[in-house]
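Common to both upcoming complexes is chain A, partnered first by chain B, then by chain C.
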Partner chain A sequence: MRTLRLLALGWLFHFRMLSQSAFDGFLAILWPLFFATVAFFMFRSGHSVGGLGPVALGAAVMGVWTATSVSASSALQRERRLGTLELLVAAPSNLATMLLSVCLATSTIGLYCIVATLIWARLLFGIHVPVAHPVSFILGIVGIVITIGSLGFLMAVAFVRSRRAWALGAVSEYPIWLVCGFLVPITLLPGWVRPISWVLGPTWGMRAIRAGAFGGNGLPDVAMCLLLAAVYIGAGVLLLDTVLDSARKHATLSLT
Partner chain B sequence: MNSLRVFFVGGLISYRALFGWLTPAVYIPALILTPIFQILLFAYIGRAAGSQGDEFYVIGNSIQYASVPCIFVMSQTIADERFFQTLGPILISPAHRVPLFLGRALPVILNALFVAAFALFAGGLILSITFSASSWMRLVPVLAVAMFSCTGLGLITGAIGLRIRETSVLSNVLVGLLLIFCGANVALSSLPHWMAEIGRALPLTHAIAAARAVTNGATLGQVQGLLGKEAALGIVYTIAGFGLIRFMERQSRLHATLERV
Partner chain C sequence: MPNGPVIEARDLRRTYKTTTGVIRRKPLEVEAVRGISFAVEQGELFGLLGPNGAGKTTTIKMLITLLLPTSGEARVLGHDVVADAREVRKRIGYVFGGDRGLYERLSALDNLRYFAELYGVSGKAQRTRIDEVLELVGLKGREQERVEGFSRGMRQRLHIARGILHDPEVVFLDEPTIGVDPVGARELRTMISGLIEAGKTVLLTTHYMFEADSLCDRIAVIANGQIVGEGTPEALKAGVAEGHVTEIEVFGVGEPVVERLRGLAGVTSVAVEERDQKQLLVVQTTGERELTAPLLAELDGLEVGRVTSREPTLEDAYVALVGTE
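After this line comes the complex of A and B, so read on.
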């Protein structure tokens, strides 16, 4: 219960803090809109047979990863720069729980982007996104926020030894957009890319959201999405313990 | 002679001092890998949309992505002096302002030129597009003019950075606007008329069109009109940026806001 309380309060605290940030809040909403706009023009000028609804939905979800990739990857580096990392590590509360709450808060910022992109698509391009199964649609969105937050948590832990973790997070932005099939069908990618997309939670989250919007059973995809989130969290916790033990032994937590 | 020294040596020293953090661990992901991923992203979106061929996106995105080093680095070259509290000593130095600030642009242009050329080479290689040696000979001056004009826009953001804190947000917004308007991924003819007109007033648009033309066999003479417009835009943006820097400098003296971060 204490863990859940810490997770919930940490999430709320960081979500409110990130919402005030020009970089993590405003830009995270605006940045995917540029790509969404380009994608709308590209599909409109092309001879693709599908409508623009799936494109608008994919472009909207791209923002969840944008909001998470850089902010979550550099979460520990940010604490280190602010001088609070040692305090967090020494605190009786579990560092993994605290870090997970930060990463989930960053992915939740992406909800703003989903709403902004769908409004943008509707008002400027006249693209209507239907919601065939509202419950499945909402579950898909919750699933993708959780799985992306969890993936961000794993990245935050994996990049803890890097002083420039933000650069590693930033470089992952386009590959995830591409490999997870947000705008491009995975079947269009080379065959060797597909297994990579299967182990990425956002792939299943996107499928679930599309099923919720355009019809189909998205619940197995939501389940897969949450299962992969659990795997990311488990791997992240194990890795964090190892990294913290090493940092304590070698006195390298601050990387100075 | 002193101005030349300030331009070349001062520009290089300031670049090295401000971007000591631009180690391979940052440079490779941010300026080598990301443009390649951007090319792949749009090439595949193009395939899914059935709009243009891969070459269109390789050329457009390799040049457009170079706006990142042009705009970000140029704006930080000036705004970060304030952050490090070194702007005051620079502005009270007797050095002439033109070489002092424009000298900082030269390493930025050279770096952006490398970023664009490498992205063009690597993106082409991955998507099986080969540019002939003669195409490369014609592309290099086109890229150089593009980087010059975009760095002029970066000079403007650098000047604005003397007044606002969030230069990285401003730079990102400009890079995003270039992505939409400069014809990197959507031909100007496919944009609404007013958007195409804005695109023609922005850096990179004419250079991207020129680059596409020279890779299709056009000579530099045949694209001199496009290159002339791009260079003229670069000069206008550079003059505007320099003028804005002087204005902001005077304002910061008047209101004692030079060191406010």
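After this line comes the complex of A and C, so read on.
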């Protein structure tokens, strides 16, 4: 119960903090729209076979991933810069819960990307995204936000150990777009890439959202998405003690 | 409450490993803390006094579980800082000096609420406790303001409020008055005295002599990672009380001359303080004989200003102890 309370209040605290900067907010509004615009022009000029609906959804999820991967790393980097990372570690509460609340707050910001991209697609490009199964569609969105937040948490564990780990967030941004099939179906990727796609929750989340939009049973994909989220959280929690001991041994907590 | 000291360090050591060079990196080991031992009793205000880089912050970070000791052992309230880190964290408060350590975009109240949650203060108790600490540190009425608009002194008071929110038995204060103006620093010192009156045990690090002198029950002087003197402020002063301090204003004194002064019989230490165009030589002597004339003889040819003689202070004791390292 206490863990859930800490998770909820931590999420609210960090969500409020992320929402405070007008400049960050302005960038967060523009950023996903640039990605979406580039994707729409590319696929429109290439006469996309399945129409631009799947592209709009892919572009929307691209924004969630970018908001989480980059923001989670910058959020931890900000904790270092503010000198609060040491205080979080020195507190008796479970650090994993605190980190998870930071990552869920950043991925919640990503929710905006979905809404903004879909409105952008409709208004500027006339792309209509049907929602065949609203429940499945919404569950898919919730699932992908949770799985992306959890993947961000697993990355955040590395950020605790090393100040340079922020690069991990930036480096993983584009490969995840590709490997998880946000814009291009993973069937088009080389065979050896597919197992990587399968262990990444966003792949299943994307499938669930598309199933919810265009018809099909997306619930198994949602389940897979949440299962992988649980695996990421479990792995992060298990790794965190080792990582934290290493940070205390190598005195990296106070480095900015 | 366990029997024995509240804070205990035994032969505590900490080495940092780093590298030098860009292309051909060479490993480098820096011994920040080199086998220090001390004990702090219940209700005591114990000071770690030393210059920058002496190992004060490294010591405090080992005690509050943020750093693992390279060797040695430390206990807080009977709990080992390595094996029982979580138990230690529950019972201590940590306050450090400077601008960092707060969420600037949010209000003081938001900061306190968040840290109250992190330290397990129940939802019911939070409002009362936050009110109490805000009153104690003099920020009542300012709690709704964003921290980014706070002065250094206000931030420092908020740091203290955060550090004692969960009513810890032991409070670690790492240079809490650094960069704070004199009036603000005095208020902070009053607050620190209040912690002792409230029954807390406090470990304070500082490099301000008067702060250590006015606040601490006992002081350990630390230099180059080692404790070079320990005792009450009075005892430390008494260590140099037999002697005298002669202060000589001089213009353009060089290191060879200072070395010659150090070599004079009866001189225990010579410190040089830069003061605009001139230097102030603070010469400590054993006091067994009058050394003003021999000192001035060594300064022959240099322009000498005012010469004064006085009784030793804690600062002199500190300079004598640190200067021997």
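Observations, loosely collected:
Definition applied: the second predicted complex is superposed on the first by the 237 of 256 C-alpha atoms of A that agree within 3 Å, B and C clash if a C-alpha of one lies under 4 Å from a C-alpha of the other, contacts with A are read in each partner's own complex, and residues count from 1 in each chain.
We take it that contacts are C-beta pairs under 8 Å (C-beta built on N, C-alpha and C of every residue); 3 or more make two chains touch, one makes a residue touch a chain.
Quick caveat: nothing in here was measured; it's all calculated off a predicted structure.
Aligning the two structures on chain A places chain B and chain C next to each other without any clash. In the superposition on chain A, contact of A:E86 is made with chain C only, not with chain B. Figure note: vertex chain A, arms to chain B and chain C, all at CA centres after fitting on chain A; angle 80 degrees, rounded to a multiple of 10. Once chain A of one complex is fitted onto chain A of the other, the partner contacts of A:P185 are limited to chain B, with no touch recorded for chain C.
Once chain A of one complex is fitted onto chain A of the other, the partner contacts of A:W198 are absent, as it touches neither chain B nor chain C. In the superposition on chain A, contact of A:F34 is made with chain B only, not with chain C.
Look at A:F26: by the touch rule set out above, it reaches chain B but stays clear of chain C.
When the two structures are aligned on the shared chain, A:L6 is found in touch with chain C, with no touch to chain B.
Of the two partner chains, chain C is the only one touched by A:H250; chain B is not. For the overlaid pair of complexes, the smallest distance between C-alpha atoms of chain B and those of chain C rounds to 10 Å. Residues 2, 5-6, 9-10, 13, 16-17, 20-21, 81-84, 86-93, 98, 245, 248-251, 253-254 of chain A are the ones touching chain C in the complex. Interface residues of chain C facing chain A in the complex, by the touch rule stated above, are 16-17, 61, 64-68, 86, 89-90, 94, 96, 98, 100-106, 110, 113-115, 117-120, 123, 162.
Residue ranges on chain A touching chain B, taken from their complex, read 22-23, 26-27, 30-31, 33-35, 37-39, 41-48, 162-164, 167-168, 170-171, 173-175, 177-178, 183-185, 188-189.
If you check the complex, the residues on chain B that touch chain A are 21, 23, 25-26, 29-30, 33-34, 37-38, 40-42, 44-52, 166, 168-169, 172-173, 176-177, 179-180, 185-187, 190-191.
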